[in-house]
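Both of the next two complexes hold chain A, though its partner changes from chain B to chain C.
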Partner chain A sequence: MSHNFRHWPIITILTIVSLPLIIMFAFQIIDTFTTHPIDSMIPNKVTFEQFSFLWDEAETGRANIWQVTLNTFIFATTTAVVVCTVSMTTAYALSRLNFPGRRYFLGGLIILHAFPTVTLIIAIFLILQIIGLYDTLLGVIMVKAALELPFGIWIMKGFYDNVPWEIEMAGVQDGASRFTVWWKLVLPQVQPGIFALMIFSFLSGWSEFLLPQVLAPGNDAQVLSTYMTALIADDTKIDFALFKAVGMFYALPVIAIYLIFQKKLMNIYGGGTKG
Partner chain B sequence: MMTISILKKALLASAIVLSTTAAYAEDITITVWAGGSNASDSYRMDAIEMAADILSKEQAILGNELNITIEKKRDFGGWSEFKQAVTLAAEAGKAPNIVATSHLDIAPWSEAGYIVPIEDYLDLDAWPINNIYDNLLKIASFDGVQWGIPQDAESRPFFFWKETMSKIGYSDADIEALPAKVQAGEYTLANVLVDAKKAVDMGLVEKGYGFYPRASNGPDFAQFYLSYGGVLQDPATGKLVLDKKAMTDMYQFFVDAVAAGITRKNHIGTDGSQWYADVANGKVAMWHGGTWHYGRYTGKEGNNDFFGTIQFSLIPAGNEAGKANTITHPLVYLITNQETDRAEEIAAQLINIASEPRINTLHAIKSSHLGITKQQSNIELYSSNRWASEATERLLPHASSQPNHLQYGAFSEALWKGLEASWTGVQTPAEAIKEVEAELKAILGDELIIR
Partner chain C sequence: MQITLQNFTKKFDDVTVIENMNLEIKDGEMLALLGPSGCGKSTTLFAICGIHRVNGGKILFGDQDVSDLPSQKRNVGVVFQSYALYPHMNAYENIAFPLKVRKDKPADIKRQVHEIAKLTHIEELLERKPGQLSGGQQQRVALARALIRKPDVLLLDEPLANLDAKLRLEMRSEIRRIQLETGITAILVTHDQVEAMSMCDRIALMHDGKIVQLDKPSEMYNNPANKFVADFLGNPPITFLDAEHKDKTLLLPNGHSIASPNLNAAVKKVQVGIRPECFGPQFGMGVKGVVKFIEKQGREELFDIQLTDGSILRSIQASGSDLEVGADIDWGLSLDDLLFFDMQGERL
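Presenting the complex of A and B:
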């Protein structure tokens, strides 16, 4: 207790600095469940009406919220699974196997990672158009996964690099194939990395806006981020309470994931076997 | 074009004859995308669905089974996202069958091959197209070809807050006579400056709230250019026109308004909801807007006595060179280029049916827009709506439109940039015009006439 009191000046300053953020979050939550008079910010009634978008029938020309949520879920999950699977194998090869051009491959990964998505968008559009995946969820998933891969591979390579050679040597000497060694001995060692990467790519997919907005404008492939922009753009009837309610709905899975997995997420910055 | 058109009609006719003899089920999906549409604009899409229902029933009587599924979308973020989506989808060969969009898109989209002329599929001299106002129909054409059908009409009036006007000395009869005086050119923008200043000086409205223009670029500002005798397009050559005198006068009007303290120097960029709240409840003496504002003022902004509190007229003339005017910026239905002619043909027929006065009236009244056909005045829903009928009568006959010119977007953008620079005091109107002229010359070259 006394220890805390010694730091009270710092705590006070930090509190003041973070106050705007805290107030913002507080009102985000309060406003979604209450109504208030036009000239006041103090709520006067508790209501769940702002969440009626969840059960009311969608307005003409607007996508159904559950369809949109399902799309977002499929989008984020598939992206995460693809990124993890490909990163797991590619990173292993890059970390352990000596193949021609390995150096350039590694260099290429870094360069790809440095490219902002928006600079590639026209080229991506043309490719999707040619292979006929424009305006489909599958197309957007492929693009998102491809763009996430450099990061994933790089992170996973870091984890593999930290696994001692001796473990593999022992496995090989006992007669296990290279695949068995990877599957049974190495993968368990990098499990924290896989887990963290899975969550990170899921969250990245969950919040992606630009790709679905540009590459899949149809109602069938809408995701929550594009759904929200359309809400705020309504210029004759801007409903901030509705916007905040959809925002809450959109953020809930993210908050839940952070609360449950926060320790595991930190692994991505540590990495590898400990001790 | 003509022969192709005849050929297509012949094919169509034979197809219909054939289809009556051999009955077969046909399933087709028609996608409708509506740009810049809110919940109240739902009939832009729903009308097509109603039309599909009617067309299927008509075909069923003829012994054909035609099942039409309509897919509707209006959520695009904004106009630019909508246009981007249509452009990319058209490039990818996945364009929606029908788009409801600004008539200004006809020029670029027809040049790019995204849309097909509706005149290839519909008889323009037959009902209900022969009942559509000629000036509206003309707005949906480009280069002598009828590309689209008007979806709605609107116009952009000048508004007065009655209470403020009466406090600065106008009697009720004066206020009632204002629209006529504006139309006759007896009440001009010079009077606006004087009256708005009076309202500010007397403390009836705050400083900067005497005249409250639109806070972002839009077709509205071209009206003030017309008020000072400006011309947008040369009727003989179709080239765009920069009338330097008119443009300078128009910029000067806004500069004077800022100098007189009736318009805020930092007005541009005022938040949209703030803007509506200000004008709808008497915080502002005079402003200009659109006919669809009626829905917002009386709806969300809670003005329960529109006609008792607000007077509306054409945009007043600026000087003797110009006259009172208003610009209509109708949306149009366009059909996009599809792989099969059949999809285009059905889309055209759906638009045709959706343009029936009774169906179009649903959109007009629900969204506070104006009708497209003359017969709508005989539909009770329309004629009993005071706003629709008065606005149609007072404004629509005097409405002009912005030209369907490939480069009009650049022209409008340059006009706005010059206005913005003068308004905020970055440049004098003369300096701004010089820059506008140089920029337009560079972009438009031969396509610009400078007066």
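Presenting the complex of A and C:
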């Protein structure tokens, strides 16, 4: 009991500070499943009407929600896979090999990581147009993955740095090739990092708005974030109920992932090997 | 297998850490590479196992020159100071790893792992991950993994440094037992003289990248080649007094003189090395002083004695004396066991 008493001031403060957020979330959830009279905020009827966009035929000129969801999923997954694969290998090289220009590479990584994406967007736009990947999902994936890489490489390098050299020496002494050593002995030690990075880049891809908006504005490559903007941009008939419902739908996977994997995600800050 | 280093030289960038080292380790022998921190013990070891390239000279396993072979092609077992067990594999998988890499048949692997587990007394621990093993048990697993390929030579880099005192004692005899039972050639790197003396057939004492003396443990203790060796071996350490040499006698700074019929008359100044066990009441009288400090070690007592001229001698004796700090003493020296060095530190 005394345990709780010591913590209650902190808990109270945290509750007060997060109250507005919690109310907003609650309201968002209630609101998407109910209707209320025009002159009141109090709901009077439970309904799934607002989610009809999930099963009704899409209005003309608007993309199909499932196609958009699939796009978003492909976008986020591919980005995550590319970021993980490249970070896994690059970070190992950076952590272990003493190749020429290594220091500049490391410095460059930090600068790139801190670099605001917006300032690059016009150049990227032009490049994509020239190579013909403008307004395609592939183009946005490439750009997104490239921009996520500095972060991924940096994080993975931190994990590799924590793996003792001696494990690798022992592996080599045991007769394993450098590749086997990396694959069988080192990767398992940094596996929590790979996992966390995978989820982070997936979530980052899932919520990305700017890049798809600018580089793939057409209906074919639309993702959920741009789909939502399209909903309110269409100012002839703004449907807030629909907007909220889509928002709800959009947020669900993120919440689910956090709930399921929150323990593993902590690893990326802990950054170490677990026996 | 016999291991030979011929003019082995190792540089890091421009710094030469080891220059022209020659060393021969006999087949089936256990050799200690002993020396203070930074003298190049690990460097030598890593050159033998192939982690470091040599910058000059040759390394021979038997008759075969392995200087340019990568680690994977040299059949060497290494036990690292931190054991370097693979944390995600259990003891069995750790030990089996070298055989798996070699693509042995599963049935063979199983039989060999159990054989070696029996030798190292870890049969009940095979299912456990390294994190669930005590230091001594991890050590045994590391030893088993190093031995499973039946290596030409077993290298141990400070294998006991991470263990507590009691375990260290136990593992000392265990490692020696396993080495004798397998008859493997082994090199033990250590900076602990007791470890080197108690476990090994011969000791190579290193200093600044050179081997100063290579000898049997007792021989090295009784017959050190120079002052460094005498100083390094022995705990509590030896003390030195500067003496004048004239007319076949040595005049110690406190005025005491000892006969020295065998010293070269040309040497005028001599450093006399006196081990703590060579100074005490059982050797007669003549050296006067005051007890400055007493360290009781249970079975033995260690005295720091200040002589009349101010220099300090150490003496170790069985417990039970009723001396106290400040007491005056008049003790003698065991003349046969004194060690003489010239001012450069070379043995006379």
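Some points to look at:
In this section, the second predicted complex is superposed on the first by the 260 of 275 C-alpha atoms of A that agree within 3 Å, B and C clash if a C-alpha of one lies under 4 Å from a C-alpha of the other, contacts with A are read in each partner's own complex, and residues count from 1 in each chain.
Just so we're on the same page, a residue touches a chain if its C-beta (ideal position, glycine included) is under 8 Å from a C-beta of that chain, and two chains touch if they have at least 3 such contacts.
In this text the structure is predicted, and so the values were computed from the model without any measurement.
When the two complexes are overlaid on chain A, chain B and chain C sit side by side with no clash.
After overlaying the two complexes on the shared chain, residue contacts for A:R62 are found with chain B alone; chain C is out of touch.
With both structures placed on the common chain, the touch criterion links A:L94 to neither chain B nor chain C. Contacts of A:L185 after superposition on the shared chain: chain C is touched, whereas chain B is not.
In the superposition on chain A, A:A176 makes contact with chain C only, while chain B stays out of contact range.
Within the superposed three-chain model, A:L147 lies out of touch with both chain B and chain C [touch as defined at top]. Once the two complexes are overlaid on the shared chain, A:Y134 sits against chain B while remaining clear of chain C. Legend: residue contacts after superposition of the two complexes on their common chain; A:A76 is shown touching neither chain B nor chain C. Ranking chain B and chain C by residues of chain A touched puts B first. Superposed on chain A, the gap between chain B and chain C at their nearest CA atoms measures out to 51 angstrom in whole units. Across the superposed pair, chain B and chain C touch chain A at no common residue.
Here chain C touches chain A in the complex through residues 49-51, 70-72, 76-78, 80-82, 84-88, 97-98, 101-102, 129-131, 145-146, 149, going by the rule given at the top.
Put simply, chain A touches chain C in their complex at residues 164, 166-167, 169-177, 180, 185, 188-189, 273, 275. Partner chain B is touched in their complex by these residues of chain A: 59-63, 125, 128-129, 134-135, 213-215, 217-219, 222, 226-227, 229-230, 233-238. By the touch criterion stated above, chain B contacts chain A in their complex at residues 31-32, 34, 37-40, 42, 45-46, 71-78, 81, 84-85, 88-89, 91-94, 272-273, 292, 295-296, 299-300.
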